[in-house]
Amino acid sequence: MIEESTTRTERFERGRAVLDAVDGESGERLVASLADIAPELGHQVISWAYGEVYARPGMPPRDRQLMTLGMLTALGDTGPELEVHIGAALNVGLSPDEIVEAFLHAVLYCGFPRAINAVTVAKKVFAERGLLPLGGAASAG
Amino acid sequence: MIEESTTRTERFERGRAVLDAVDGESGERLVASLADIAPELGHQVISWAYGEVYARPGMPPRDRQLMTLGMLTALGDTGPELEVHIGAALNVGLSPDEIVEAFLHAVLYCGFPRAINAVTVAKKVFAERGLLPLGGAASAG
Amino acid sequence: MIEESTTRTERFERGRAVLDAVDGESGERLVASLADIAPELGHQVISWAYGEVYARPGMPPRDRQLMTLGMLTALGDTGPELEVHIGAALNVGLSPDEIVEAFLHAVLYCGFPRAINAVTVAKKVFAERGLLPLGGAASAG
Amino acid sequence: MIEESTTRTERFERGRAVLDAVDGESGERLVASLADIAPELGHQVISWAYGEVYARPGMPPRDRQLMTLGMLTALGDTGPELEVHIGAALNVGLSPDEIVEAFLHAVLYCGFPRAINAVTVAKKVFAERGLLPLGGAASAG
Amino acid sequence: MIEESTTRTERFERGRAVLDAVDGESGERLVASLADIAPELGHQVISWAYGEVYARPGMPPRDRQLMTLGMLTALGDTGPELEVHIGAALNVGLSPDEIVEAFLHAVLYCGFPRAINAVTVAKKVFAERGLLPLGGAASAG
Amino acid sequence: MIEESTTRTERFERGRAVLDAVDGESGERLVASLADIAPELGHQVISWAYGEVYARPGMPPRDRQLMTLGMLTALGDTGPELEVHIGAALNVGLSPDEIVEAFLHAVLYCGFPRAINAVTVAKKVFAERGLLPLGGAASAG
């Protein structure tokens, strides 16, 4: 439990440091896209989501992304965020095969359509990183 | 409680009058797009949704749109309707800043992804009306 | 209750036979699109969804598609699958007018936005098959 | 297309007649439970949902209930309404076995949890009507 | 934009002050119920949801509750929170009639079942406060 | 890829063996509760969900439960299944603290209400196993 006194800016910077380890690039892109309409929302994503929640030591980054993939697959309507977090999942150590296995597992709880749609998003991310076909000699991203 | 005798056409016309105060143009566009496939659905949107429900005096148009923004943000998968109702919200007196604040508030109940996606739709609507950047010297729409 | 001994391949082939009666083409397309990323998911769609569930005699294909249209309309975020199953619904004997009536009925349980979005998908499918305008002299697909 | 002039009361009565063929008792109970808080909502369920939508000839009652079971299973959070409509489904000619088969079919699109929860509701309705065990010598309700 | 330096405890206290104006009692109850299992979650509800988001001046409490009622009605599965926020809505100036009207409006976007279920929750809250029947001589809560 | 020839009963037994390692007791209870109404659904949960999907080696049981907790939290309306899978998560090695941390993480993607409701279910499961208060000297269940 952090009891030191911090400024809003310091909390933002702490969030940015956490975010950088997960997916710094997409975080920057999000903040930039919100700058002219909802800068406070961009601030809170970094400062609170990453600086307060992701920063907690009780759950390693890989577990957080697995949990996140589960939630976004079930919500079903958050394709852009799923795309970001499939990338983040790769960044923190989930393999492409593990991600696909997670979506196959999702059939049991979300049904085929949402699982298939999640795989379709993964296919885009994996293709951009040169990871397809899985099991083959994937070229570097 | 309206006890006069009305025809189906009269009820449609009453709905159209109510709709015109909110977002007549998008209503006409919807009815037109349904004309060759589901004209009854188009009729009921105008006649019942606007003529029976929106027409009731117990809730001013601004409150109805705020409630509607909340519902569409939470549903998450109704982007086209959210776009229409962000426009309608502006038409009935919600400011762009109030709409963005509403979506920031939505993070608490719907999570970041659906709130961010709602802002993304707002960004499109605001841009078309020349309202961006917020807080700046927005040119007229 | 089937007690004969079957191989995985035999179960896949049984599923493909059932699928062919519903929408063989879109099934093949799905399996192909999953081949380089999630072949097991493609296998299970055919082998289990069609070979085990659709294959059961207790519900005729038309009823299965009606039930499926209801679910996909309510889920709201599964447009690609709704498109496939509107096509399948036509294939197994639901008329375009029945499908549109089903979506009008959906307003009661899912609200206008999801019903309208389902009709928008139907409009695309019907147009591709030359079925629009409904009630008019639709040319063959 | 109904072009005669009708009063609000006449439209309510038309809805009540349609409702009676589906599940008059649960309709009366709903209207009664809303009487001291939201009588207009009770009115619109009868007058519009039944009088305008259910009343349309393009979809027989059995098909409407099948579609409704699909939607309520997918929504997942509407147990009281699912209970009413499982009863209505029995009333308009769906057999207990067909209803259970529909929920098994639902696994494909909604996943196991929502399908199982729907069966749990069905179990309550079937038990109250003396229909369990299925396939056995069910005593009359 | 608050740039002063604050401690975690100060931010919690700021949230509690904001919460007290909305529904202090249910907030205390929530924090207490989370104390032995998820104290950090209880902390963040107060500190962040109320201290950071609700505290912002851009949206008056009545508007925040209206937006919240919309979201919770659409989510459908969050009855306990809807109950709290119907109480909060009353606390910040929405009348019982306005709340019921909001749920009638919700039929258009969420369908009848979720709107009816929301009214059922309202009926419980209103009854506890002695506000039923609406339009009658409600005794004090 | 399993190419040996198997009977339906053999596939069920394989599923039961996998289930036993996760949560055999709740699986037996589910099959028993479905026996008089939907035995095929009970069969498929064991035979397919556990025998075909859970049985795959590509994802360890702990990861499957974490993914499952994410999905069930996001679905929101599947409390009975969440209860079962919180128990299963404990069985396969997730600690109570990790489970609570996962639900705190869920706030970011699902909002506070669904996260709080998931913790409420966890509280029940943890209490039954004598695990509360967390961090304290939990007495045996």
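Labels A, B, C, D, E and F are assigned to the chains in the order they are written; within every chain, residues are numbered from 1.
Here is the rule we use: a contact is a pair of C-beta atoms (placed from the backbone, for glycine too) under 8 Å apart; a residue touches a chain by one contact, two chains touch by 3 or more.
Worth saying up front: this structure is predicted, and the values here are computed from it rather than measured.
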item	value
Co-neighbours of chain D and chain C - touch as defined	A, B, E, F
Classification of the chain A:chain E interface as same or different, half of numbers criterion	same
Most remote chain, CA-based centroid, reference being chain F	B
Candidate from C-D, A-B or C-E with the same interface as A-D, over half of contact pairs in common	C-E
Angle (degrees, nearest 5) of the CA superposition of chain B onto chain D	180
Approximate Å spacing (C-alpha centroids) for the pair chain D, chain E	31
Chain B and chain F, separation of their C-alpha mean positions in angstrom	41
Residues of chain B whose C-beta touches two or more other chains	40, 44, 49, 53, 56, 72, 75-78, 81, 104, 107-113
Topology of the chain contact graph, where touching chains are joined (line, ring, star, complete, other)	complete
Parts of chain E lying in touch with chain F, wherever the complex brings them together	30, 33-38, 40-41, 44-45, 49, 72, 75-78, 80-81
Complex interface listing, chain F residues touching chain C	1-10, 40, 44, 48, 52-53, 56
Contact footprint of chain E on chain B as seen in their complex	49, 53-54, 56, 58-59, 63-64, 66-75, 78, 81, 97-98, 101-102, 104-110
Parts of chain B lying in touch with chain A, wherever the complex brings them together	75-77, 96, 100, 103-104, 107, 111-117, 119-120, 122-123, 126, 132-134, 136
Touching residues (chain side chain C, partner chain E) in the complex	107-113
